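Here it is: the structure, laid out below.
All chains are identified by letter, namely A, B, C, D, E, F and G, in their written order; residue positions are counted from 1 within each chain.
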Amino acid sequence: MLKPLGDRILVQVDEEKEQTIGGIVLANNAKEKPQTGSVVAVGAGSQTPEGKTIALTLKVGDKVIYDKYAGSEVKYEGTKYLVMHEKDVMAIVE
Amino acid sequence: MLKPLGDRILVQVDEEKEQTIGGIVLANNAKEKPQTGSVVAVGAGSQTPEGKTIALTLKVGDKVIYDKYAGSEVKYEGTKYLVMHEKDVMAIVE
Amino acid sequence: MLKPLGDRILVQVDEEKEQTIGGIVLANNAKEKPQTGSVVAVGAGSQTPEGKTIALTLKVGDKVIYDKYAGSEVKYEGTKYLVMHEKDVMAIVE
Amino acid sequence: MLKPLGDRILVQVDEEKEQTIGGIVLANNAKEKPQTGSVVAVGAGSQTPEGKTIALTLKVGDKVIYDKYAGSEVKYEGTKYLVMHEKDVMAIVE
Amino acid sequence: MLKPLGDRILVQVDEEKEQTIGGIVLANNAKEKPQTGSVVAVGAGSQTPEGKTIALTLKVGDKVIYDKYAGSEVKYEGTKYLVMHEKDVMAIVE
Amino acid sequence: MLKPLGDRILVQVDEEKEQTIGGIVLANNAKEKPQTGSVVAVGAGSQTPEGKTIALTLKVGDKVIYDKYAGSEVKYEGTKYLVMHEKDVMAIVE
Amino acid sequence: MLKPLGDRILVQVDEEKEQTIGGIVLANNAKEKPQTGSVVAVGAGSQTPEGKTIALTLKVGDKVIYDKYAGSEVKYEGTKYLVMHEKDVMAIVE
């Protein structure tokens, strides 16, 4: 498994569901691609200037909305994830 | 519901009212689109370098004026919101 | 009324007086538009990294000179104001 | 009078003396325009992150040399001044 | 051997395996070049502003995923390594 | 005399010696113009965020090598000096 | 001798050895020019915001690998050196 470092989290991106109208598959507008996903792993936390570790707020299972350009894509065993800093998460969907 | 992270707030943008002159609907000037809204959710607060959380000043229900380019638009159950940092709010309308 | 957030102040901009020479109204040179105004509201203060609030130096009624590009314009009940950070004020006119 | 805010000072710029050779007034070379002046007012001081005020080093009457692009020009009762941060002053002429 | 300074680590980059289809060697797509490697040496740690050293999180043997443009390439005795800051490592592969 | 402010020093630039070959004066290559000089005055020191003054390392008489673009030129009683921050000095020539 | 200031070190760059094949001298590829050298002098150390000096990690005699664009070239008594900040050194060759 992938373990994010520091204040990073690992997000499994929600799949874009294709819309079908009368049997024709319509690709989604690129501008509206999903920016939501589920947290599948979290780092140990951020570090104060004095070296103390502060646990992250997010936890595995949280469904999150994140900035459009947040994170770097990583592939692991065929699945695509985003590794991003917790601060790039805008909100939790409760 | 959406729960903003950290020092972020969730703002429901005031609707632009269309003006009607003699029955003709006039679109508003883009330059004058509303920059006011209502706070519908607030984050837990900002964090000091030592990891202490400082509660936000704004609270749910506050009517706010914000910078023109503040925030990121998020859609949730058909409604558009802005997620922004509290520091992007210029003033409260009392 | 508008209540500025944090280290912001609300400034009512001094009106540009039009000059009349022999009955002809002369528009002022844009480069010389007034950068003075009166403080009509002040925020609660700036915040230290540890979350302590430090009251602002300026108070309501102060006449101020500010940087040319300081502040954001806000309209409230037909009047134009500038919301700016106290640090954008250069000097008080005493 | 103008009272500079915080770590700012108010400088009265030394007048450029025009040179006359045989009765012809010569404009000074723009590149050599004076960057010296006299401090006519000082702010209360800079502020530490904890909100303590630290008095400035310069005092009224100091003759200073400042960076070419330092300060903002302000006009007050017909006289031009420069408002600048104390840190933009390079040296005192003693 | 190379000993990274401060908060740096030395990474031996995973070799790109060439794919063979029917005996024809296919070069990998440059965009998909591996961004994984193994930590072969770590620095003494980062330094607090007060000069205290904080040991790194990574240790020799860790398999890491790093940012695409992370690190500087160094050659040592014929082998290519990347020297990068620990903060450029996104995740550990466990 | 000029007294540098804060963490600044005043440097008298070493004169470029013109080379003469067979009586012809050769201008030096601009790229090799001297970047050495002598410290003729030093400021009171840098200031900590809490307002404590820390004396400079350099002292009057030190011969220094400085960055090519370091400092601002000031003229005082016909002599050219450089005012620069102590941190722009690379090394002392002992 | 040259004494680097603060957190700087003085590096004597390793000479590029020219390769000879069958008696023809081949210039090295500019892209592969050496980025290694030996530390010949070190500064007193970096300074904390409170003015405490922290000794450097490197010492005279260390063989170092540094960033391609690290340092400024200085000439002293006919020899070329690089003055760089210790943080620009990537690794020590042991």
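Quick note on the criterion: a residue touches a chain if its C-beta (ideal position, glycine included) is under 8 Å from a C-beta of that chain, and two chains touch if they have at least 3 such contacts.
Here is each chain with its UniProt name: A, B, C, D, E, F, G = Co-chaperonin GroES.
What you see is a predicted model, and the numbers here were worked out from it, not measured in a lab.
Shared contact partners of chain D (Co-chaperonin GroES) and chain G (Co-chaperonin GroES), listed by label: F.
Chain centres here are Cα averages; for chain A (Co-chaperonin GroES) and chain C (Co-chaperonin GroES) they lie 42 Å apart. Each chain gets one centre point, the mean of its Cα atoms, and the points for chain D (Co-chaperonin GroES) and chain E (Co-chaperonin GroES) are 53 Å apart.
Per-chain CA centroids place chain C (Co-chaperonin GroES) at a distance of 23 Å from chain D (Co-chaperonin GroES).
For chain B (Co-chaperonin GroES), the set of residues that touch two or more other chains comprises 49-50.
All chains join into a single ring; listed from chain C (Co-chaperonin GroES) onward through chain D (Co-chaperonin GroES), they run C, D, F, G, E, A, B. Interface residues of chain G (Co-chaperonin GroES) facing chain F (Co-chaperonin GroES) in the complex, by the touch rule stated above, are 1-6, 8, 10, 41, 44, 47, 49-51, 72, 74, 76, 83. Interface residues of chain F (Co-chaperonin GroES), counted against chain G (Co-chaperonin GroES) in their complex, comprise 35, 46, 48-50, 52, 54, 57-58, 65, 67-68, 86-87, 89-94.
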